[in-house]
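The following pair of complexes shares a single chain, chain A, combined with chain B in the former and chain C in the latter.
After this line comes the complex of A and B, so read on.
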């Protein structure tokens, strides 16, 4: 197990190098001059600009710039935001906390609803319950989450006035108030996830229900509840788990649209803002951070697999 | 007051249908306490459906449209509550399925799978349940049952899983055991063992058994009565000996005829240089751990095998699963990597064949696989499947290819009108015919047939064997016939090679081998597959002598259990080779 984790982490080093090169190249390819931006835009004296460039290392050849940047990154120094002067590492960590709480709550909610719903639909295959579940998930799937978010804001925020529509309070500061800010974004994200996961769970369960060992479990005289939860669920969950991994990594990397709709200070919003503001240190740091999230989430999912399939040995 | 003579199961006028299609039209069956009864029929005859109906577990869409199933005073077709039925399942009626590889939950430890039904049906504590489970595993003759409880199904072979299944089902001491083709998926040797164990355990616990099978010869030894089913109708029921001796129904007679397989008709080849020579073939399968840094796990699948096949000759390669017989076939077709040895085909060393020569070779050596359900691409029409066998023949026009493939389909008994169908529209036997046509369309010199009839019903087996014989006469190909069943290879093969754990145990021409099997392993194989034979008053079960203790003064046979012992193949009589222990 430890060996497996270690090996996977070693294998992710090339991934990071490639990602780093791409991020570096991409950011250099963006139009605009960082030094000019740093000086506040309009500069008449070219000497001042040159001096700024030299100070920022922009007069060096690109490979040298890259290595210098890489060295800083490796020593844990992600630089300071051009805009606010904040340390990028600290900034990322704060913003990630917001995104992570919204996304993980949404995923948890989605799993709690989708797994039983998928199992139930498969158990009542081609029955009314099954059709209702399938219909419900199609409806949810066809609504984009930002639109659902807007509608939720209109209903619960504007019309009913039950929940705040703008701003954010961290749950670590004030649990009760913090929760009120989380409810709507979590719901908006969870609804789409429920739709996808229910369908995965239903399809997986349908396949497993046809297997001999399920008939055998029934022939043993087990109750249907036990057959579904102890025999169908563990065998049918793997595809859903894959989906959870893909969605989780994507959302942690920034549910930019949702965060914008609900004005949440998350990592997605940070990324978008830093692009508009040409805040290169933040942009580079955020992209690298996102790559790390992808690698770690997938590793976590692969480890989780071994709990659902005894044949997967982590060696 | 129930007495011992009251039937435990009484089925009267049972009709089962799927949607509008009737599958069982009127079955009447009575089973007494402690009795073993065989229910025999081809696939699709409705015998499995009958077994499932007794449990009230018909597959999706099936329902009982008429009749009654009475089990020990409970009406299964109209239970008072669904709960009543569930309580009977497992506790009073146990069921064993055909596929041991798929009937245990891959995700649950053996101990838990055995215990859960006990917990559901009894008030026993975990300690007592564990003791019962260990006791049952001992009854099915598994070693070290304590350790076994913590393991997962995939760590066991098919035969062991089926024994675990028997232990788990019999643990609740059901009054009726339904065994649906419990050993069809297993090798002959293992099959015998598992059936023996099952019959013993059932007898020890006083359970009645309904033994469902397509193979009359296999079940006849265990059952006191036989019921024969054809297309949803029970056509004949009677005492086993009577049914064998005086079958009353026409279908029973046909079933018996095919179980007998008929007189062997060996296909001998031409004299002279052999078409195929294999010398000292070794195949290893290597699994490297952590890119080879932590060493490798090496499995020696084939450990130095030599054999030859003459032009137009059928040679049988026999052994249980894991003996390396399929690997040899695959190595000859260059589908398995060989570590050492020389394979010469028609004068050329296969190692020298590259590029064009290799493609030409692939037209001359063709394969037929065991499972016709997975060896044909489900998305290709059968005409195209056969035509594909000609794809490297660049001289042929499209029309010519079409003509040849249709002619070949016709030769295997598939009318040209069916060429546009997809494999799923064909029966198992028809699919295997298509697979044979695909192999023969390029007029190969050698066909490697890997268990070509093992997945088929007995009646179909006889047909396919006859077809192979007839096609051989027409096209004159040689064949390496791989099978676990000695009686199948006896039908067509002129010579036999008996394999065990990657080594040749015995090699001789078929008649000699059957008349005087020398190696104990060959004798065990022979005893394992029962056949029917003509007796003085009609058919009876063929008596195969149990393996005898070696006569004093006989040489020390090589035993594959101790693979480290020196091995040599000695010529016991002209052309008759036996594996002995000791240096050359």
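After this line comes the complex of A and C, so read on.
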């Protein structure tokens, strides 16, 4: 197992090098001038613009800029934000904490709802419960997350006044208050995830339910609950787990829309803001960080497979 | 929001020490408003953008500032004199002005602050406004005694004090030298403003706290100057990226005062518990025309476009009927906006067609560059396209991201027409300068106009300046290097309990005028 993990981590090094080159090239290929944006387009004097470019290190040739960035990055320094002067590494870590708390809670909530719902729908295949679950998940899937977020804010914030509409308090600062700020974004994220995962879980279970070993288990006289949880669930969960991995990596890389609607200072919001401001160090750092999240999440999911599917051996 | 234990303890301690205003324990008041992006930093004139300037404007002040009608009035200066030859400015400083650390402001602090922004080691873009590169060359800036500060110019320049008052330089903010560390690196702003820098949680909120030792001027509030008798204890700007979210938060009572769009203003104005303020600003919404383009180089085509577009209809549509057209670059609240500035080409599609025929226009495509950024750039472009189609002009839209459009603007290429907006210019000559000049980005490159504009920048006599501005306006309407629409209406929604709010042409929040009732 350790060998597998080490090998996979070593394999990710070339991935990172290629990703780094691509990130740099793509970021610089973006039309728009960072210095110009920094001055708010208010250039009364070209000398001001030149001075700003020099301050931002943008007056150097591109290969020089790339090598400087690579050198700094290899020594563990992601640079400073052009916008605020903050250390990019620290900034990413702070913002990731916010995103991770929202996303992991949402994923947990989604799994708690989606797995039983998917199993139940498969168990009652073509029955009323099945139709209700399928209909529910289609409705949830069809609602854009931006709209769901705003509706939740309007209902629970503006109309009922139960929950705050803006702001953020970290759960490490104040657990009780922190939770009130997390309920709505977690719900908004979880609703979409529930829809996708329920459908995956239902499809996987339907496939397994028809297998001989399930008929065998039933013939042994096992209760339906035991059949579903002990025999159907572990065998049907693998595709859902793959989906969880993809979704988790995507969301940890920043749930930009949800973070914008709920004013959460997460990594997605940071990424979007840095694109608009052409804050190159933050943008490059954030994209690399996201690449790392993808690699690590996928590795974690691969390891988890072995717990559910005995056919998967990590060698 | 209730008072926290900390606040009670602080207030009690303050009262016990005799620091309380009237010896009574009044509840701390907090006004909650929103910014669409976090501030860039706390260093006025250095780490800045439009959002950041608003916060800095509560913390620091300069020798002079802008009045409501954009004339220049003294702020930290008691008054100032200009020598006969227009080259020496003598600022007599107010006495008894305290910095946030309790120390009294002297002319040596002013000199130190001037050199910080305009000296050779300046980290600020503001240095370029005073080192001769843009016309103004300051040859010396010195404290003569404790309360007199003198600036010498190489040549007279009428808009010199207007440059000093610039918001992006914090009005050449006067700071206490302890604002920087021993090694010269930035620490925190110790200014003279009615508010002090408070708590800042990056990406979440920024706060300023009322400065109890503030020495207010005797006059009534006027523009960014006059008496600033702050009443609200803390102003908190929450960072809210999405306008729909900040207006929802206002309705939920989580924010007290929010910049809103025209649609929300219409919705909110009849809702109990809220009020709406709509005020014209000096932000100029316009269409820039690229006169270097082969097709648009024919003045008749540009004139046809001006007659095809009805600014009145477009402004009414984007402001939900709140605003009116004002196509002149000189904003309506300016003392230099007269009947002449109210003239513009009448909306006449038939006349447009005649002009097009004369120019031999044969359905060639005219591309309008626009962005979906806030500020109705896209909507303005869309309406212009429809109106031009009615006059027989084949216009198409090219919608790009703001950074891309800004680059096209700066390069002066890659567009024929663009839906654009200029931030407030508070001197009539600067209102023309923003799009007039030899630089590639400037839409108006007529040498005669450039000469008149340059002369206006140096003109100290109000009557002669007005005459210049009137001539420029008429030339502008005749040559159509741009088609002006109007000066943007700013909408602010607030809870009923917020009192004292008044918007003004520059559109910057003046927290010191606000009160919270009850």
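Keep in mind that, in the parts below, the second predicted complex is superposed on the first by the 280 of 315 C-alpha atoms of A that agree within 3 Å, B and C clash if a C-alpha of one lies under 4 Å from a C-alpha of the other, contacts with A are read in each partner's own complex, and residues count from 1 in each chain.
By our rule, a contact is a pair of C-beta atoms (placed from the backbone, for glycine too) under 8 Å apart; a residue touches a chain by one contact, two chains touch by 3 or more.
This one's a predicted model, so the numbers in the text were calculated from it and none came from an experiment.
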Exercise. Look at A:85 in the shared chain and tell me whether it touches chain B only, chain C only, both, or neither; answer first, second, both or neither.
Key: second
Quiz item: Which partner does A:47 contact after superposing on A: first (chain B), second (chain C), both, neither?
Solution: second
Self-check item: Touching partner for A:93 - first (chain B), second (chain C), both, neither
Solution: neither
Quiz item: Does chain B (first) or chain C (second) touch A:161, or do both, or does neither?
Solution: second
Quiz item: More residues of chain A in touch with chain C or with chain B?
Solution: C
Quiz item: For A:235, is the partner it touches chain B (first), chain C (second), both, or none of the two (neither)?
Solution: first
Exercise. Could you say whether A:218 touches chain B, chain C, both of them, or neither, answering first, second, both or neither?
Key: first
Quiz item: Where does A:135 make contact in the superposed view: on chain B (first), on chain C (second), on both, or on neither?
Solution: neither
Quiz item: Once the complexes are superposed, what residues of chain A are shared between the chain B interface and the chain C interface?
Solution: none
Quiz item: In the complex of these two chains, what residues of chain A are touching chain C?
Solution: 30-33, 36-49, 51-52, 55, 83-86, 91, 94-95, 150, 153-154, 157-158, 161, 164-168, 260-263, 265, 269-270, 273, 276, 278
Quiz item: For chain C, which residues count as touching chain A in their complex?
Solution: 34, 37-38, 40-41, 47, 49-50, 123, 125, 128-129, 133-134, 168, 202-205, 238-242, 244-246, 248-249, 251-255, 400-404, 406-407, 409-410, 423, 433-434, 439, 441
Self-check item: Residues of chain B touching chain A in the complex
Solution: 52, 55, 57, 59-60, 86-91, 93-95, 97-99, 102-108, 116-117, 120-121, 152, 154, 165, 169, 289-290
Quiz item: Which residues, counting only chain A, touch chain B once they are in their complex?
Solution: 3, 7, 125, 211-213, 215-223, 226, 230-231, 234-235, 308-311, 315
